[in-house]
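Labels A, B, C and D are assigned to the chains in the order they are written; within every chain, residues are numbered from 1.
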Amino acid sequence: MKALYFAWVRERIGVAEEEIEPPAAVATLGELMGWLAGRGENYAHAFENPAVIRTAVDRLHAKHDAPFAGAREVAFFPPMTGG
Amino acid sequence: MKALYFAWVRERIGVAEEEIEPPAAVATLGELMGWLAGRGENYAHAFENPAVIRTAVDRLHAKHDAPFAGAREVAFFPPMTGG
Amino acid sequence: MASVSVQSRDYDTAAEIAALTAGRTDVGAVVTFSGLCRDDGGTLEALEIEHYPGMAEGEIARVCAEAEARWPLQGCRVIHRHGAIPPGANIVLVVTASAHRAAAFAAADFLMDYLKSEAPFWKRNRRRDAAAGQPEWVAPKADDADALDRWR
Amino acid sequence: MASVSVQSRDYDTAAEIAALTAGRTDVGAVVTFSGLCRDDGGTLEALEIEHYPGMAEGEIARVCAEAEARWPLQGCRVIHRHGAIPPGANIVLVVTASAHRAAAFAAADFLMDYLKSEAPFWKRNRRRDAAAGQPEWVAPKADDADALDRWR
């Protein structure tokens, strides 16, 4: 599964995208952030306040309690500032 | 004093503008419409329902009970349909 | 600050936007409204627009001044055409510029509602079928009075 | 029916209006919103806009579809730029066309509120003074959340 990071989430982690293989017990996007946060200081910094992170599954907005099983692509980013 | 007529008020009266000299007893725009209505069938037709006629004094909207003493120009027209 | 034109000729929307924004870096939002001549029945030859010269410009300027008093605008431009307008052609343009979008949207919306009800213009429809007789005057719409009430 | 572009290059507002109205006589109202890059402090070199390719287009199209479900639109066009945008330049364009002005205004206003909060774009300010360090990310505004609540 591909994980994408944008804006300061991307900057803190240091990569824009990567392949990830979370264990089967990690089912929701919220759990996935927790698992990612354990992968190193950079990830811990990016996800230090998961409440402010927006999440998407296969390019659609999804809440933290949403499952991601079967997704090709998950994304993590700050609140949007377009327009 | 100049009187101007627009749209179907103009069509019914048959002229776009004219000089008028109402008697001193005619003080408000409403009274002026009554006086004009007595000037002929065309005027009577134009002012048959004065409630629907809008009035202006010196190019500013004015109500029927407004006086027009000293005005250079009064105007009579149907509700506007611009924009 | 507002600029008002009452004219028979067409206008160039892009040039009007450019005039309000060129060389500036304090404008964050520009809203334009263009009113066009519709021909729903396919029988219209032209819309004929009569106006009260002098008062038309004055009333539009007065309405623009009210919009500028209500919202922080950096620019306000209104062009209203008169004469014969064929189907599909431009009738009226409102352009508002502001630092923020809410003011630009509200001012343009307000200006159109007020122009509809306060500016001395009268439309009539000239039909292709001359047998239809005299062009009929367009009646004011109840909707337009309701639209105006939103701002009171 | 809506047409959506996410692009780095600038756009031509007049051409976009023409594309929605050319050859038609059923459009009575066209509203455009242009969002421009402001530089209130005089220190901005450029706004840098990052986006999520694919999702950006998809989200804008979804918001357009919602606008089309809410209002009777005859055309809907959105262009959102990404990359480096200098002060005074265009960022985003929304064009809505309808028979009547209320629908065109409401839909454009709605689209901008939703784009602000739902479309995956992130802005940061690159300052002229490099000593200012890393460009800072723009924080979302509480106003924008309030604006969104108007449509719920």
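The rule we apply is simple: a contact is a pair of C-beta atoms (placed from the backbone, for glycine too) under 8 Å apart; a residue touches a chain by one contact, two chains touch by 3 or more.
Heads up on the chains, UniProt names are A, B = Molybdopterin converting factor subunit 1; C, D = Molybdopterin synthase catalytic subunit.
Since we're looking at a predicted model, the values are computed, not measured.
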Set of chains whose contacts include both chain D and chain A: none
Where chain A and chain B are represented by their mean Cα positions, the distance between them in whole Å: 72
Centroid distance [mean C-alpha coordinates] between chain D and chain B, Å: 49
Rounded Å distance, chain B centre to chain C centre (Cα mean): 26
Junction residues of chain D - those touching two or more other chains: 35, 101, 112
In chain B, residues with contacts to at least two other chains: 83
Pairs of chains satisfying the touch condition: A-D, B-C, C-D
Touching residues (chain side chain D, partner chain C) in the complex: 12-14, 17, 21, 23-40, 42, 44, 87-88, 99, 101-102, 104-105, 108-109, 112, 143, 147
Residues of chain C defined as touching chain B within the complex: 35, 49-52, 54-56, 58-59, 80, 91-92, 112, 115-124, 137-140, 144
Of all residues in chain A, those that touch chain D in their complex: 4, 6-8, 56, 59-61, 75, 77-83
